[in-house]
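Structures follow.
The two complexes that follow have chain A in common; it is paired with chain B in the first and with chain C in the second.
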Partner chain A sequence: MSGDGVGASARRVGGYGRVTGHQEYLADITLTDMLHVKLVTLDCARARIISIDKTAAEQVSGVRLIMTAEDLPHPMPRFGPQFQDRPVLATGETKYHGEPIAAVAAETKDAAEAAAKLVRVDHEVLVDGVFSVSRALDPTAPLVQDPDLRPDDPLANTNILREHHFGWGDVDSQEADLVVENTYEFPMVTHFAIEPHGFMAAPDGDGIAIWSTIQHPYLLQKTIAKLLDLPLAKVRVFAPDPGGAFGGKQNPKLEPLVAYMSLRTGRPVRLILTLDETFQAVRRASTEIRVRTGLNSDGTLVFEDFESNFLIGAYVDIADRVVTKGNYLAAGPYRVPAVRIIARGILSHTTPSTAFRGFGIPQVTWARESNLDEGARALGIDRLEIRLRNLAEQGEEFVPGDTPADGDWQQAVRRAAELLGWDEPLPAGRGRGIALGLKSGPTTGLSYSTVRLLGDGSVLIYSGTSDMGQGARTVFAQIASQELGVPLDRISVIMGDSTVVPYDQQTSASRSSVLMGTAVLRACQDIQAKVRTMAARLDGVDESEVSVEKGMVYLPGREATVTETLVTGLGPLGGELVGNGEMRKDKDLEHPLGGSALFFEFNATAVELEVDPGTGEITITKHMTVSDVGLAMNPLQVTGQDEGAAIMGLGHTLMEHYIFDEEGRIRNLGAIDYRIPTSLDLPLELRSDSIENADGPGPYGVKGISEGALLAVSPAVGSAVTEATGLIIRDLPLTPQRVWEAMMERV
Partner chain B sequence: MKTFEYTRPRTVAEAVRLLNEHGPDAQLLAGGTDLVIELRNGWKEPEVVIDLKRIDELRPSITEDGGFIKISASTVMTDIAEDQRIQKYFPALVESAVVVGSVQIRARATLAGNICNGSPAADTAPPMLVYDAVVAIAGPNGMRRMQVDDFIVGPGKVALERGELVTAIELPIPQRPMGAAYTRLTRRRGTDLASITLCCGVDADGITRLAYGSVGPRAVLLVEMSGVLADPNASHETKADILNEMFLGASPSLRSMRASPDYRRAMLRVLGARALQTAIERLPRETAA
Partner chain C sequence: MRDTLSIEVKVNGIDRSIEVPVHHTLLDVLREEVGLTGTKECCVVGECGACTVIVDGRPINSCLMLAVEVDGAEVTTVEGLAAEDGRLNPLQEAFLDKGAPQCGFCIPGQLMSAQALLDKKPNPTVDDVHEGLAGNLCRCAGYQQITAAVLAAAEVERQ
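After this line comes the complex of A and B, so read on.
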């Protein structure tokens, strides 16, 4: 469908600038008198800092500040979205490879880099670091976090941050014909946003201005205001559209450091991370998940029993939330009489893990779906059939007390199977797999939007969402175009300035189309109401006789466009109409996650592949991904998100992982030895499709999308490898070498 | 990045003079696809960078002369891969040139640079060994020529003396029908550094030339004269035994993240057998006299 309204594959707002290099990313912004910052780190994971000697570094021409823990308030300021445990700079001990110990600000980037190398950090490498789940749980292991940081916490003297228990029914009293028990591992992977993280800060009158590639500018504003004891109104946050984020830019990381450095020097300072440094800043939690699946001989699920260990890193960031939200839905989209989930967030001397597309669900999905396939094979039941047999029907409360199944998921599964040709004869040497993923959308939310209909009928939309490539600007503009009858080229979307744009809770959990979309829609409806009043006044009729819909004003005996009505109604002085919209989903303190799912992202992924019997190399011949999206406001953008998520999932499945040495150094920092898929690595055929039944909670029936197509890639591929080769591999990634090693072990 | 002096000589003689004057403090710039990264990362900190791109004698050119195809030092991979004579005589070199870096890299990277960089994983090294390429070198004492097998020394090292630079790669046009194939092992299909590079050529006299790299300090060439490898009717087992002998010299890195030593050794056998088979299939069949 062409056009500018909802349902049209309208051209991306800001897309031209992105593809031509004209978009202004954070690193393109220069400020007068700006200083450049370089971090000082140690080439080891865990070390005791004895002393720091700045003498040599201070001699480098152009150096203006070398900041260490000594130069910060005492005790060390700490922050974090869940636990206030992350220090501005390491103090006393480094907890992971790449943790900043000091930072140099200089007139040039070269000077900062040269001086950073000259900062002498006298330190003792502590070789007994915690880099694995088993070591973390060993009573003789060192504690990653100082117990004093966790007062009144019974687990403070362990490396377990939290142990969560979820579930329903009584697993132990269930009788199953078959119990399948296995442990599945998922490695550490990183977000690899094409734009590395960047941070700037500058004194701003009696306050401060912060620039960040952040997804949650208002959380950043609160964090800085609290650390610096400033009112929110004195912390101005600029959040230029990020160049990819995937969850890795949700939460503040180095903004407090640049803020303190800016206040200390009285000058603007800027820190742009290298790609290598982003590996040390953000990653997905690695996991070891033991799952026991109880099945009846007809394939009916009897119970699911999970023990799920997430290795979260040295500071919590948002990882405890990843553990709870990821594991709460561990049993997936199925009808299961009894479920027991024990989920632990485990601290380690590694990069702090954070939100990452899928938010814990890809790891549990790898375990659950793979184990279900092992059950299906043991029972001789088709892997598609066993899923359809157990899949929750629309409206079914498959997780007691939570949102019932909000889509016709059977339809999505059947569509994926049909696209792949599941029932067709399998070509020789190939294998197929199908897997289902389910993730809950936001459990709380608060978004405000202001929309201004200017005197000439053009529109300004104010939204605190971050458009990091997902296309939020475009769908908000399409909503306004639809409601106010204004073409997209007369609409601007303003984001990324906290002094201009009203509050938005965050850009995460694929929420923005639903939550901010509703706020934009309501702001447009607010304007429609004012147009209605205006039209009634102009024609001297009662408001009840006037209606406004899709940019048109319907009056007794005539109709007019919103713009015509506006121009006449505003009169010679001109002016504008301002609409405000709000969408909120409040906390539910009774709910284990603090709120039920606003919607679910449901996806069915089906693949067909072949494995080179000599090299172990996997060639994916077909990859079909079908998501239940409610309604595609912009079908082209939905396809882009689904295909992007699918390819990202293939990276995690086939090639991506951190490689550590014995002392916890990340050996494959950077692009050379951490490989992500290129266009030549794509499946020979990759197709996505959407199920659209307009049954979502957002405008026009939309649900959130963007993460679904990643969730079930690993188990679908793993299952296909098993069918093609007979091998069962329970650890990722499925590199050629790993597949070959499994072939050799069998021999 | 450390600052350096940038020079742009107009003649080979001037470049040689600069190179001789500055010795190890000078770095040559052709495509720059290795050098620029090394400069940016501070791995190389030359005083002088000598840009070869404005030297008329080195301008991109591929010429046929006296039984050789001569490729000038500033000729890039894209041009090599598209040249019909190279496609005809040296198809395995084309197969290696089209996997160097990415599309953008291949439009800048030169064949001479790929060899002079001295990487054990250089994609074009095995086919150049199989095709018996000659390196033309200019220096303070004039021109000299050297087999590429003698030119490649070890990681980052080639047989260039102070003041010397490569002006061309010269490939002898095969006098007998030949079939050849290049293959490699990577972690992904797109842009990657190879864990194994391997080229195999068989000719109408039954001689097999096999070169492989990325499993030791430099790419190595082995020649098998018995005719068994090139024999389409010899058994796979017999060939496998001979190939295994040829690969005994491989010493893959024990610490590499890209592939384990066991995997590399095993894949040498797999890729070697496959490349040999392809080379045999590509050998033009002689009609009975």
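After this line comes the complex of A and C, so read on.
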């Protein structure tokens, strides 16, 4: 569909800047009199800091400040979205490879870099670091976190941050014809947004201004206000569109550091991480998940039993939430009489793990779906058939007492199978796999939007969402276009300035089309109501006789556009109409996640592939991904997000993983040794499709998208590898080396 | 040894003489001295392609080339693709039509590699595009849209 309204594959709003080089990302912003910051780190994971000698570094011309823990308030200020455990700078001990110990601010980048190398950190490497689940759980292992930071926590003297229990029914009393039990591992991978994280701060009158590549500017505002004891009104956050984020840019990281440095020097300061440093800043939790699947001989699921260990980092960031939200739906989209889930977040001396597209679900999906296939094989049941047999029907409460299945998931599964040609004869040497992924959308939400219909009928939309590539600007503009009858080229979407744009809780969980989209829609409806009043006044009729719809005003005996009505109605002084919209989903304290899912992201992924018997290399010949999106507000953008998620899923499935040495150093920092998919790594055929039944909770029936197509890639590929080779590999990634070794082991 | 050298370089059609620190890369100088920030910085080791510009007709990673090496050369950056009045060239138009830019951060580099490819090979195949742009990472992974855009632009140029 062409055009500007909802459902059109309109050009991206903000696209012009992106193809001309004029889009301003954080690192493109220069502030007058700005200082450049470089971090000081150690090339080891865990060390005791004995002393820091700044003398040599201070001699470098242009150096203005070398900040260490000593220069910060005592006790060390700490922050975090869940636990206040992350220090502004390491104090006493470093807890992961690359943890910042000090930072230099200088007149030039060269000077900052030179001086950072000269800061002498006298330290003792503590070799007994915790880098694995088994070591973390060993009672002789050192504690990653100081127990004093976890008062009243019964687990404070262990490396387990939290142990969560979910489920229903009684697993132990179930009788199953077949029980399959295995453990599946998922590697540490990193977001690798092409834009490295960046942070700036500057004194701003009696407050402070912060610039960040952040997804949650309003959480940042609260964090800084609290640390600096400032009112929110004195903390101005600028959040330019991130150059890719994928969850890695959700939560504050080094903004507090630059804030303190800027206040100390009285000058603007800027810190742009190197790509290597971003590897040390954000990653996905690695996992070891043991799953027992109970099945009847006809393939009916009898129980699912999970023990899920998530190796999180040295500070929690949002990792505990990843553990709960990821594991709560461990049993997936199926009808299962009894489910038991034990899920642990386990601290380690590694980079803090954080949100990453899929939010814990890709890890549990790898385990659940792979194990289901092992059951299907043992029972001689087709892998598509076993899924369809157990899949929840629309409206079915597959998690007792919780949000029922909110889509026709069967339709998505059948579509994926049909696109792949599941029933067609398998070409020689190939294997196929199909897997299903299910993720909860947001469990709470709060978004406000203001829409201004200006005197000439053009529109400004204010939204606190971060447009990090998902295309939020475009769909918000399409909503306004649809409701107010204004073409997209007369609409601007204003984001990224907390002083100007009203509050939004966050940009995460694929929420924005539904939550902020509703706020924008309501703001437009607020304007429509005002236009209606205006039109009734102009024609001297009762408001009940007037309706406003899709940019048109319908009056007794005539109709007019919104713009015509506006221009006449505003009169000679001009002016504008302002609409406000709000959308909230409150907390539900009774719910294990603090709220039920607003919607689900459901995806079916089907692949066909070949494995090179000589090298172990996998070639994906077909990759079909089908998501239930409710409605595609912009099908072109939905395709981009779905294909992008699918390819990102191939990254952690086939090639991506951190490599550590014994001392917990990441050995493959940066783009040379850590490979992500390129244009040469694509499936020979990759297609995405959307199920659109307009049954979502957002405007026009939309649901969230953007994560679905990543969820089930690994098990679909793993299952296809098994069919092609007979090998069962339960660790990712399926690198040529790993596959080749498995083939060699067999012979 | 001198810390800076003066170079003469044509950037997007404009002759400039710039005093450049000898150890600074072309990327540094474009972004900091010339003020053209469309060229992006990511890996700085020649692996991601975000910093791709065209030097004397060839796509290069500007993070790997010292600025002094472009003395006397002609450099085109992403800012040099559109006409002076802001009208987009066919490649840029195709990128928008096909939905190639998502976050957009890799896009300047993709465009420059693609432009260099089309300049050399006006009728590329899908494989040519995949090969030609293999050095340009896109974590949003809009590879299929990018490829479609390059092929569409070639089509437009043929007509």
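Here is the rule we use: the second predicted complex is superposed on the first by the 747 of 747 C-alpha atoms of A that agree within 3 Å, B and C clash if a C-alpha of one lies under 4 Å from a C-alpha of the other, contacts with A are read in each partner's own complex, and residues count from 1 in each chain.
By definition in this document, contacts are C-beta pairs under 8 Å (C-beta built on N, C-alpha and C of every residue); 3 or more make two chains touch, one makes a residue touch a chain.
If you're wondering where the values come from, they're calculated on a predicted model, not measured in any experiment.
J.: With the two structures laid over each other on chain A, which partner does A:D110 touch: chain B (first), chain C (second), both, or neither?
T.: After superposition on chain A, A:D110 lies in contact with both partners, chain B and chain C.
J.: Looking at A:P736, would you say it contacts chain B, chain C, both, or neither? Reply first, second, both or neither.
T.: A:P736 sits against chain B, while chain C stays out of touch.
J.: For A:I659, using the defined touch cut-off, is the partner it touches chain B, chain C, both, or neither? Pick first, second, both or neither.
T.: The first partner, chain B, only.
J.: Now for A:G644: first (chain B), second (chain C), both, or neither, which partner does it touch?
T.: In the superposed model, A:G644 contacts chain C only, not chain B.
J.: Quick one: is A:S679 in contact with chain B, with chain C, with both, or with neither? Answer first, second, both or neither.
T.: It touches chain B and chain C both.
J.: So in the superposed three-chain picture, is A:P333 touching just chain B, just chain C, both, or none of them (first/second/both/neither)?
T.: neither
J.: Touching A:S9, do we find chain B (first), chain C (second), both, or neither?
T.: second
J.: When the two structures are laid over each other on chain A, which of chain B and chain C touches more residues of chain A?
T.: Counted on chain A, the partner with more touching residues turns out to be C.
J.: Which chain A residues lie in the overlap of the chain B contact set and the chain C contact set?
T.: On chain A, the overlap between the chain B and chain C contacts is residues 110, 672, 677-680.
J.: For a test of understanding, state which residues of chain A touch chain B in their complex under the given definition.
T.: So the residues of chain A in touch with chain B come to 110, 614-615, 654-655, 659, 667-668, 672-673, 675, 677-681, 735-737, 740-741, 744.
J.: Please name which positions on chain A make contact with chain C in the complex.
T.: 9, 11-12, 14-25, 27-28, 110, 191-196, 241-246, 272, 274-275, 468-471, 636-637, 639-641, 643-648, 670-672, 676-680, 682, 686
J.: Taking the touch rule as given, give the residues of chain C at its contact with chain A in the complex, in rising order.
T.: 21, 31, 36-45, 47-48, 50, 77-79, 81-82, 86, 88, 92, 95-99, 101-108, 111, 129-131, 133-147
J.: Under the stated contact criterion, what part of chain B meets chain A in this complex?
T.: Where chain B meets chain A, its residues are 1, 185, 187-193, 257-260, 263, 266-267, 270-271, 274.
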